[in-house]
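By letter and in written order, the chains are A, B, C and D; residue numbering begins at 1 in each of them.
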Amino acid sequence: MRALATSPAIHETVVVDRRETLSGIVILGLYAPEIARLVRPGQYAMAVPPGGERAATALGVYEARDERISLMLAVVGVRTRELANLQVGAKLDLLAPLGNGFDLEALRDDVALVAGGVGLASMLLPAQHLTASGRRAHLYYGASTAEALVDESKFAELGIGVSVATDDGTRGYHGFVTELLERDGRAHDVLAACGPSPMLRAVGRIARLRGVRAQLALEETFACGVGACWGCVVAIDRSSPQAPRFPQASSAWDGHADAASASEYVYARICKEGPVFWSDELRW
Amino acid sequence: MKLETHPDLQVELGALRLRVPTLMGSGCYGSGEEYAPFADLAEIGAVVLKSVTRLPRLGNPTPRLAVTPSGLLNAIGLQNPGIEHYLAHDVAKFASRPCAVVGSVAGFSVDDYAYVTQRLAVRDEIHAIELNISCPNVGSEGETFACDANLAEAATKAARAVTAKPLIVKLSPNVTDIAAIARVVEGAGADALAVINTVRGMAIDVDRREPRLGNAAGGLSGPAIRPIAVLAVWNVAAAVRIPIVGQGGIESARDALEFFLAGASAVSIGTGNFTDPRVPLNVTSGLRTYLAQRGAGSLREIVGTANPGFLGPA
Amino acid sequence: MKLETHPDLQVELGALRLRVPTLMGSGCYGSGEEYAPFADLAEIGAVVLKSVTRLPRLGNPTPRLAVTPSGLLNAIGLQNPGIEHYLAHDVAKFASRPCAVVGSVAGFSVDDYAYVTQRLAVRDEIHAIELNISCPNVGSEGETFACDANLAEAATKAARAVTAKPLIVKLSPNVTDIAAIARVVEGAGADALAVINTVRGMAIDVDRREPRLGNAAGGLSGPAIRPIAVLAVWNVAAAVRIPIVGQGGIESARDALEFFLAGASAVSIGTGNFTDPRVPLNVTSGLRTYLAQRGAGSLREIVGTANPGFLGPA
Amino acid sequence: MRALATSPAIHETVVVDRRETLSGIVILGLYAPEIARLVRPGQYAMAVPPGGERAATALGVYEARDERISLMLAVVGVRTRELANLQVGAKLDLLAPLGNGFDLEALRDDVALVAGGVGLASMLLPAQHLTASGRRAHLYYGASTAEALVDESKFAELGIGVSVATDDGTRGYHGFVTELLERDGRAHDVLAACGPSPMLRAVGRIARLRGVRAQLALEETFACGVGACWGCVVAIDRSSPQAPRFPQASSAWDGHADAASASEYVYARICKEGPVFWSDELRW
């Protein structure tokens, strides 16, 4: 996506609000006036671990309003557990805003927003932006079970239709959200999605079949989050505007010997060139 | 101005003089500019650039990172555009860095090391060369240069022969006797040693039943390896007289001090930047406080003082 | 009773048959009774006893422990009453343990290993012998038996010659090529390999300016070293056909599974007991669930399945 | 000290109360009926780290009453920080009660209790026991600074005299608590102390000079806390009843060669044979 003119920095924020859903998802409200002002839809923050000893954690900026932002956390490992345990009053330092968000101009008239799990965190700001600029959107939202579906109402309040799916059928469509999207009759000009990789791949396939384009907000294990370590990459078309300038190269560890073996793709950094990519440019 | 409140943190690695003794680890700090929004580069000693090879390399398949307890596994696979593209497009930009710039050279043969060092070292933007000898040597069944005294010596000699710039050789901890390798590399003409590179490791995804890294194995860094790194510095410091750049899991001045007291003249911070980009500045300010509290006029005074075997830079 | 809900966790290490594949690491579980108030010993596979030497040893000066990020440094120094006192006063008590009992033998010469193994292995209370070859050999400038293929071979052969009981040899990670040592030890007659012992490390007290351990250096254990241990198992499993007891930082069934999938037939839990004495039982119950969910009838079915190079116990 | 007939176990406790002093000392109140019933003065607990990945932490049992106990925490490293961050409602598993406490019968008529820092945590139960059985006691209590002196009132309430010292002179005697004890005129039959090693050594010296005995509750880095790892040892007279049975042995790493070199001491486990030892039996 196009580089945005926001300048990231380290911000010292404070937890001012903490919600925990039945399914254990935690939403941390933070006093963070500068981030709230600067952040664009689809950008993220790196949360400095309060106890040190591990890399910072990448988190989408979920809400941003009135000097506050919020983060939505699913506990999957030690880093997210440590963050989810933060209580009101705790300090949290963030590197933000980071990455290139969605290309909002390219999200034209009728947009399908597709969210899987806490991928929802990256969908609210785009939804607000789309409705504010008078465009139509519909949210397809999937989770493992009914309890794990959170905050749909925030989308409905924007006047956005919401269709939900659960893996176990406890609410809405019984199955994956991408199956729901496929079966759904509605035609959309463009898709925008955030969620686990298999879901994003399926969204890419659906877009191809429908002859529309899809913007995918990718997730991968990050270390630096600022483009310094080349750890968070995804294979992308050499011709993509997001592809790093890079001569033809070999792909193997013994690459010293066969630079001639050209490859069609190069690795782009999700944290820097992304996290949002056009699905038809990915080679994954 | 009392001396005690402004202790001298200067360090010399061969002819490379740094105002503060903090280097940013190769592969962890990009070319410096990536961290410029978060850290004042004028307050760090040097950035060690991502390792560059003779030919371009796409790097390893994904995933390339896995988080482990107090550690990070990586297998980037030396993604880089190759020395020619690098010289043509990247190196000029390094001139604007307000700190020293150390080029990092990787290779798969002795000839690679000589060639890339020679091409890179002539450039004024590059103030010193670090030799990353942790690559497999294709000539000898994939054995790593840093794990074989003969190969380590040959790579060092080859690089030494083609440049008079300060030459730092980076040692691997994945050996039975790191001090023995250090001695050989010192003899081959290195000006300083970087101790240590990452420790070999692996994590397995038990759901998918395969290694979590695309490359299967990777290198472990971060606080988990700090005790391994401190001991490696301790042992090397009792074996050589050239300065040591200690590294492995440094996140604070106290962490850095473990390395200085063991015998390192400077430290390098890699993964610590991923925890918090303010770590390098916290390290230098914490060092100043520590020295001032003890009435030490310079960092040099305390280097190696916990290590009875310390030989000390000549 | 469906097979899937009761997967078979049995494992054989040579002639040592264990109901469940969990051993309690030598030096970490005393003789078992220390943990009896906190864990049901009938639910663990075996306790590996604290290493015993020919002559009594007071052990290292204090402090002997230091906490590091996700790890623990120790330098106990083999405090033990010596084999004669041990045989006379301690061994009889082991008969009452409701799990298998593995004796651990340490030594400073090939003759030590032979002597202590022979004296200990004749006792019925001892079901198998583990050879802790991570001690310095006084005959060769303090080189560690486990770090030299010839010494490792000699110690293994010496022990093998004096007992027909199952013989587990414990390898050190502090070597350039652990698979090469493993191959030699297999050839010398070991029935199984314990992979890995602690990783060499050091922590320095920056206030007192000296190492935190009385012995200066020590061995690093705990979750910090898990990635190092998993890779060691992975590499050894591609080099030998005898079963491997994987160890290093196991605190949960998922941790243990990393070792099984890499090629270990059993696992050992040391430092994990210091975190929580329920870890061994959590591991076995978690393994049962994992196998049942995947319809596996036995643990054996998944051993080595993440490792394309896995040779498999013959 | 003499082995006590309490049987340790793993207890699942819950934080029911949390106090934090100005100097950052945290007192966690726990619902732990069995421990409250079983614990003897000077015993301790091993706290299972809520996040795993590190050894359990040894903590003295500070208070015990009405199905509740409390722990007093000084944050010195990662483990104590993690525990100090626990909030009301959090679960905490404890191995307890552990170790041999004070030999209360040997604490005869007039006892000087000496506490340094959070060593105070191991002094309240003995104080309660002494006053309940009609014996006299006086507390000498030292800390770095006035703010770090906590809960003296709990001792005063028992009718125990309290003399305090601070390293910086912000309250009470300006200097070490052991200097205060030395200068103090009062004669005591016996001393009982808990605090940092240098303080305990000084208490031992004072006892020797005065010709009385001292019971010292030692601290050392623990790993297992249950006597399994021999990591927490202290050198002790071979003839002490607390000394492990042990043949004469060499002390060096090359001990294989010179078992004949007899030593006067052996290493006893602080967690098992202790944590309380008679000062005149220690060889440290």
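Operating definition for what follows: a residue touches a chain if its C-beta (ideal position, glycine included) is under 8 Å from a C-beta of that chain, and two chains touch if they have at least 3 such contacts.
Keep in mind the model is a prediction, meaning the values are calculated, not measured.
Undergrad: Among the remaining chains, which ones contact both chain A and chain D?
TA: The common neighbours do not exist; no chain touches both.
Undergrad: If you average the Cα atoms of chain A and of chain B to get two centres, how far apart are those centres in Å?
TA: Here chain A and chain B have centroids separated by 34 Å.
Undergrad: Report the inter-chain centroid distance for chain A and chain C in whole angstrom, where each centroid is the mean of the CA atoms.
TA: Taking the average C-alpha coordinate of chain A and of chain C, the gap between them is 44 Å.
Undergrad: Can you list every residue of chain D that touches 2 or more other chains, as numbers and ranges?
TA: Within chain D, residues 53, 78 contact more than one other chain.
Undergrad: Two or more other chains touching the same residue: where does that happen in chain B?
TA: Residues 69-70, 222-223 of chain B touch two or more partner chains.
Undergrad: Could you draw the chains as nodes, link the ones that touch, and say if you get a line, ring, star, complete or other?
TA: Contact map by chain: ring.
Undergrad: Every pair of chains that touch: which are they?
TA: A-B, A-D, B-C, C-D
Undergrad: Give every residue of chain A touching chain D within the complex, in rising order.
TA: 51, 53, 78, 81-82, 85, 87
Undergrad: For the complex, give me every residue of chain C touching chain B.
TA: Going by the criterion above, the answer is residues 68-71, 73, 147, 174-176, 199-204, 206, 209-211, 216-217, 220, 222-228, 230-231, 234, 249, 254, 257-258, 261-262, 290, 302, 305-306.
Undergrad: Going by the contact rule at the top, pick out the chain B residues touching chain A in the complex.
TA: 27-30, 34-35, 37-38, 50, 53-67, 69-70, 72, 74, 76-79, 81-82, 84-85, 89, 107-109, 112, 136, 138, 215, 222-223, 251-252, 271, 273-278
Undergrad: Given the complex with chain C, which residues does chain D contribute to the contact?
TA: Going by the criterion above, the answer is residues 7-10, 48-49, 52-56, 77-79, 93, 95, 220-235, 245-251, 253-257, 259, 263, 266-267, 272.
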